[in-house]
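Each chain carries a letter (A, B, C, D and E) given by its place in the written order, and its residues are counted from 1.
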Amino acid sequence: MSEEAERLAYILRDPLFPCIQCGKCTGSCPISVISPHFNIRKLLYEILNSEGEDIAQKKEMLWDCSTCTTCVVRCPKEVDPADLIISMRSVLVEDGQVPPKIRDVLKSISIRGNPWNIGQEKRSEWAEGLEIKSIADAEILYYVGCTVAFDPRLQKIAKALAKTLAKAGINFGTLGNDEVCCGNEIRRMGDIWSFDALKEMNIEMFKQFPIKQIITSSPHCYNTFKNEYTELGIEVKHYTQIIPDLIKKKKLSFSKKFEKTVTYHDPCFLGRQNQIFDEPRDILKSIPSLNFVEMDRTRERALCCEGGGGRMWIEAYETMERTATIRVKEALDCGAEILATACPFCLLTLEDAVKSGELEDKIQILDIVEIVSQVID
Amino acid sequence: MNIQKLKDEAKRAIGRKEVTHLIGYQKGSYGFRISPIFIETKEELDRLTFSPLCSLSLVNYLTIEGKPAQVQSEEEKKSKAKKVAIFVRGCDSRALNQIIAEKGLSRESLYIIGIPCKGVIDLKKIEAQFPNVVDPAEVVEENGKYIITINDQTHEVPKEELIADTCKVCQYPTPLTYNKLLGDKLEGNPANYDDIQKLEEKTPEEKWSFWQNQLDRCIRCYACKNSCPLCYCDGCILDKLTPQWVRRSVDTNENLMFHVTRAFHLAGRCVSCGECERVCPVGIPLMKLNRKMEKDVKELFDFEAGKDPEVKPLLNTFNIEDPDDFVL
Amino acid sequence: MSKTRVGVYICHCGVNIKSTVDVTKLTEFASKLPHVSVAKDYIYLCSDPGQELIKNDINEFNLNRIVVAACSPRMHEPTFRKALRSAGINPYCLEIANIREHCSWVHEDIEKATKKAESILAATVAKASLLEPLEEKEVDVIPTALVLGGGIAGIQAALDIADTGFKVYLVEKDPSIGGHMMQLDKTFPTLDCSACILTPKMSDVGNHPNIELLTYSEITNVGGYVGNFKVTIKKKPRYIIEDKCNGCGNCISYCPIEMPDPFNLNLSKTKCLYIPFPQAVPACFVIDPDYCRYTLNRECKQCEPVCKELGAIDLKQKEQFIEVDVGTIIVATGFDTFDPTLKPELGYGLYPNVITGLEFERLSSASGPTTGDVMINGKKPKNVVFIHCVGSRDKTVGNEYCSRVCCMYTAKQAHLIKDKIPDAKVTVFYIDVRAFGKGFEEFYDRVKQEGIIYRRGNVAEVYKRGEKLVVKAEDTLLGQLVEVETDLVVLAVGMVPRADSNTVNNLLKLSQSSDKFLLEAHPKLRPVDTASDGIFLAGCCQGPKDIPDTVAQASAAASKACIPLSQGKVRTEAQVAQVNDLLCRGCGFCVEVCPYDAIELKPTVIAGETVDVASVNEVLCKGCGACVAACLSGAIQQKSFTDEQLLSMIASLGESYE
Amino acid sequence: MDSYILQKEKLNNFLDSLKEYEIWAPVQKDATTLFEVIRDFQNISLDLNHQPIISKSAVFPQTEPLFTFDNDAAIKETSPKEEKDTIVFGIRPCDARSFKLLDPVFEGDFPDPYYLTRRNKTALIGIACNEPFPNCFCTSIDGNPFSKEGLDLLFTSLNDSFYIEVITDKGKTIIDKASSHLTQAKAEDTKEKEQLAKASEGKIKRQINLDGIKEKLAAIFEHAIWDKFSSKCIGCGICTYSCPTCYCFDMQDESSARKGRRVRTWDSCMFAEYTLHASGHNPRPTRTERLRNRIYHKFKFNIDNFGVPSCVGCGRCIALCPVNVDLIEILSTIKEAE
Amino acid sequence: MSEFEPNIVAFLCNWCSYAGADLTGTTRTHYPPTVKVIRVMCTGRVNPLFVLQALRQGADGVLISGCHPGECHYLKGNFLARRRFLLMKNLLEYIGINPSRIRMSWVSASEGKKFADVITEVTEDIKKLGPLKSFKREIL
């Protein structure tokens, strides 16, 4: 074997040795349902039996995975297929063999510090008219996240969260236009080098302020800070983790009613990957007059909306049904008028599904914090 | 400290049938010196004293050669057993608790008169500041100052200048166990291991150079060992020839083994009375070793020696959740 | 004492040692070590001529300490000890230098390996020259055994011991013996009725003159040691006097309280005054105090008058403690089935038509809640899916092992479905089918011939679609996702250690292997022994197994447990702790660290004074040495591992032999 | 003999010219001043307010290897003859006198080559005690803070200079090597020195009349005072190790499997192990017997054997004792004991 | 001069680590010839003072290895050893001995490969540090 082949075998193949080909991964994979050529077990098997450099020659199908990690948490032999996908993507990134849209994202990251190819000066656009402190004058950092900061729909989440935090008397601030991408998606696109650079940059920046806690609106940012910024040393919370406590301590009270039937979609990066299942439900259940119902597949069994792992930037299989569409149907099946979630990516994909299914009059997609901000004051 | 009250209490103690004798402090033979006194009759009571000069620990005298008889039966416990009365400060009471936890003494064999202690004077410091004092000197503490009387002349010295280093970080000035307490309870200092941490942060080479410099002057007079209230084995392993853990040769390396053994044997047992450091004729900062162990024991195992005689000694127990990250 | 004369013997082990260690040089080196009278090398020291060589030298050179440089002491220490004994010197005057596993086999460079061997040998000689002769003691054995657990393993073990002629106490925590086997319908691969083959054995137990049956009882304390265990047993109050109850059952109809039937896994109801099942041994009723209105609130009491004649009902019964002395103990505490709620994707607990294999047994059993008709919501299922490996071979729930019975019981249950509902469609999802036992593969063939579909794939999810359940998996042989609509999902749950196993393990001081089942003394050669002498394992407490294996192991444990009972004496550990009274300060540190309660403080007269001094019970001491390291004054030492001996090794290893 | 003046700033030059000697001098380490071999003259501490301890180790080291051996039974003696010529600089007069008391012990019937060789090669340069310490009682025991007994040279600290008196030929040799840094002492210097000596003697506060002590001791072997004084003794070795006249030693073989050595180390009669027999029997089982023996040795047995008490009145055992076991107090009590 | 080969004294418990080291041999897994084993029945027997005693008598490093927590043949010896050893390690580190020289590991009877890995790692670490000169007894 050549040295390069040996290296690839070491990164890609060797971690797969415990695999017993039971098929749990493929069976669990939300993408396999809609994309028959994406079979993660088969990919593992092929790599296990391949020798040398051809390991990396693995295909456009790599970009299908949404890194929801259902396969990872369910694998009985603790193999990490999602990590394989990321490693293989990184080999492709290293070789420059990436789809144009991905290339644009990576370029935008390196030039602009966000994946959306928008100028950083627009980052705090959402906060206009609100009196948001700089983190230099506060102790808790609200890390907004690129997508929430730039997307006009999602900016409502930021506004709602800022309002809620202010209402609860939390001394928070933001990095303003200095905020840069957390890198969660970038890492999952395989650009581990940019991720490392972003990580270093962010930690360096955080250290300049006496930050006690970081609050994120996106589970994706939360996940990477908590699990992948190993040297961070600052407590990180997704906002759904702090609100129940604020309610309990009476710092937040709901003066209005929300007379709707609501169900909740578990974002993969919050539930499956970080075991945050109860807190979002606790928030919804504590809202006056809100009728909370569950879909059949919830919590550990929740279906991924396909928004992660770079899938926000890649359109795939227009002929196929999107999982988000299936998810919206499931919500309708349980009688919900509102499908709540707690992730900006989920919100976008689910809303797309509602629009393309022309279901706007039947169901509405909201972030939990949007509901919360409607019932306070 | 009201000396008359102390004498009265001692008198009451001595007056008890079961009390065979009382161990207390008296003025020493010259200058600032204090001497232990062993009182059996009321006539000697007048020599008792207590002052900031009483830096020596009396606990040692309970175990040094033949311990008071162990009280075995329940019947004996009903106060018919012979008792020794003793004056103790906060640190001494912890030593007693620890020895009782180790079954070295039984609580029933002791009549403890507790003295809340504001800290004692480091003899080396006061004798350096007032050299060549032969005539008996008196010291009282007033408002954060020591009033020192030598030959009818009084001097005032800020407490900070003379107080023993160990007392500066004393967490338990008030005795934790006693039959009688003389005076009001005092508030302890918070735990402070800044000095230890400072040394911990040095490089291995710096640490060794520090210790080498200290250890090479040890003359192995065993005063540290013999003065320590917790060093009361009938035969110390450091004295033994088979096996010989430490050679009789006195050099830095053997001294190192001697002091590491001592520090380790005191881990979770040292009560920070500072006796070892006080008695060392060559000024080795032995409490820096003992306090390191004390700090670790507290941080790693949430344990403090001598707080409760019912608690099992540290190294005889374990917690499944003890730190494990250092193990390969 | 005579002069120390050490003989050193260096084994070539064929080429195993010789090819990496220069044995000639090593022998030369050894001959110059202090106290060494003779040093020799030989091709195979463990062979008869090898041992003869040593024995002859002992006589010829008047040797009194022997060092063998060879393989691990874990291999041949007993062999060479025997040789020493037969040559007339104490077998504990032997020390082995491991120059094979720890040297020749792990190094390549001959020069370095030889140097290391020299170092090992010198240290071993240093220790050997300080060794003292030791004696093993003998103690009498109480000719009685105790069996913990009244499942098939405990029943078999108790019967075997009782038949050998020794008295047995059989302790069972439930009101009746029988265990899990009693809950099963048919057994694979022979399809015998489980209860039919078990109940005769149960009544044998009930009637055996040598067996004292203690049901509804638990052990609360164990002291002593092999040959002389003292066990305290708590008899829980059953509120029925066992000797008086004749099992007539007249009382039941008067009991107003219903509760879930534990024997039927809560699939049906029973009264809180109940007999677990009709064939229960003892045939005696019991009142569940968690449901009975009298035991809870001191009201009701409707049952008591009914039994006026026999007077068997006693609602004021209290728990009782019995102390028994036994020579050996067999642990047969069994298993729990895996709790499938830990695999949320399979929907157990969420969908009533997802059930476990054991629940299926009750549904299928003629004595079960449906009298043997497999019914779900009152309907016979037409589509049934079985799922393999639930909670087994699965690191996500911490169970890495294969439970060994699920493949076959699933095959049996699939057969039972086909038998009872011939037009049912039965699908089995499997990862591998393990049909390794006698008649297993044949049974698997038979079941497949009955039309049962085996699809290879680990089921990913179970979810609802309308009234039906959908089982989703990848058929890995097709490489396709499949969804199977079904009326009933049966989870082939594996076996796990009993949830309450820690209590018993701690009382008996038993260790667990990494799978949390009880650890045997040696996985191959001592499979029913434990690390504690006189305590043996039988059945699933040691690891998952089927009925024939359990019965075989139970008989094995019984015969092992009978060895000390019939010998009447046991030998104790020789390398035990001993106390130097003069150095002991009576602090009891050793007492506190001893895992076997082998040390106590005893008042002893030292120099005319009575003081507390540690004293070692040499029968209880297992020779771990924890006390030695705890002792500050060096008063307690472990024979053959004294401070002096270990320090001599340390000193020797530090030295360079350039 | 002659007297000289050495300006204090020239002390280092003076010592520089004595390079061929190994020089021992007091060095201050934290609160303690100990004698040790000097490599850098800056370290020397002649502070007259600090009583330096343990000068005896220059001639009688705490640990002295006697010979080495190895597994082939070859014994190699450590030859004391290889020692360099040595100067103990800054020794106090009482310490210098102590060597006079040690010499007969090591000369005896079996002359000890290790001690004697080193002793012969060692010159003692004393410094007079302008400021006696609180426990000094040398004047009660045939000594004096300006005593020349046992010294080769005596320095006296004047304002800016040292007044140097040559006492022996050894001293003269040293002076000759460093004469370029010295000037002859003038009469007023001598006068100043004598005034200091007189003043110093007057400053000694603790005194005791030791006449008849030997006979008194012989009469009170069994007496309650021994229990009284020993009850507070903790049995450490500070008094004996810091005593310039204590010479007890132990000899042990230190060996590993392959080689070893025999060493002589200080021992202390205050240790329980000191008289512990192999049988386990201890003729001095408690602190009472041990403390009594120390006093008897110094003030009876030594007088029996050598005509003088084994004590120079330096007071170090008193000053360093952690529990105020006070030799003067003991001696006074003995004198008055019935 | 040839490359510095550390001299490492290892205390292995009979039931796990010693057996594990045997398995390393049985499987012919190679590791550096730096480690010399003292067999004890249980890590609970290891007096922490052995560590310094070994270091000052010529060892460049000391390893104590026993059963994984919960798997002690004598139930709790390894827990006691862990506590004692951690304190001794901290104390020696405080004196100035590099902690890389004082190691502890859990190696079970089945972890032959791990034993080799541990020895290799410890050897490499100590090689980097060089011989332990300052702490050696003057005359061995």
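Rule of thumb we're sticking to: contacts are C-beta pairs under 8 Å (C-beta built on N, C-alpha and C of every residue); 3 or more make two chains touch, one makes a residue touch a chain.
Because the structure is predicted, anything quoted here is derived from the model rather than measured.
Touching subunit D and subunit E at once are the following chains: B, C. Seen from the Cα centre of subunit C, the chain whose own Cα centre is farthest off is D.
When chain centres are taken as C-alpha averages, the shortest distance to the whole-protein C-alpha average belongs to E. Taking C-D and C-E together, the pair of chains sharing more C-beta contacts is C-E.
Separating the centre of subunit B from that of subunit D, both taken as means of CA atoms, is a distance of 31 Å.
The geometric centre of subunit B is 36 Å away from that of subunit E, both derived from CA atoms. Inter-chain spacing, taken between the CA centroids of subunit B and subunit C, is 51 Å. Multi-chain contact residues of subunit D, defined as those touching 2 or more other chains: 254, 256, 258. Within subunit C, the positions touching two or more other chains are listed as 582, 593, 630, 643, 647-648, 651, 654-655. Within the complex formed with subunit C, the subunit D residues making contact are 71, 256-258, 280. The residues of subunit B lying in touch with subunit E in their complex are 199-200, 204-212, 245, 249, 251, 253-254, 256-257, 260-261, 263-264, 267-268, 289, 292-293, 296-297, 300-301, 314-316, 318-320, 322-324, 326-328. Interface residues of subunit C, counted against subunit D in their complex, comprise 32-34, 122, 126, 582, 648, 651-652, 654-655, 657. Interface of subunit E with subunit B (complex): residues 48-49, 52-53, 56, 69-70, 76, 79-80, 82-84, 86-98, 103-106, 118, 121-122, 134-138. Chain contact summary for the complex, subunit C toward subunit B: residues 582-589, 592-593, 601, 603, 609, 611-612, 630, 632-635, 642-644, 647-648.
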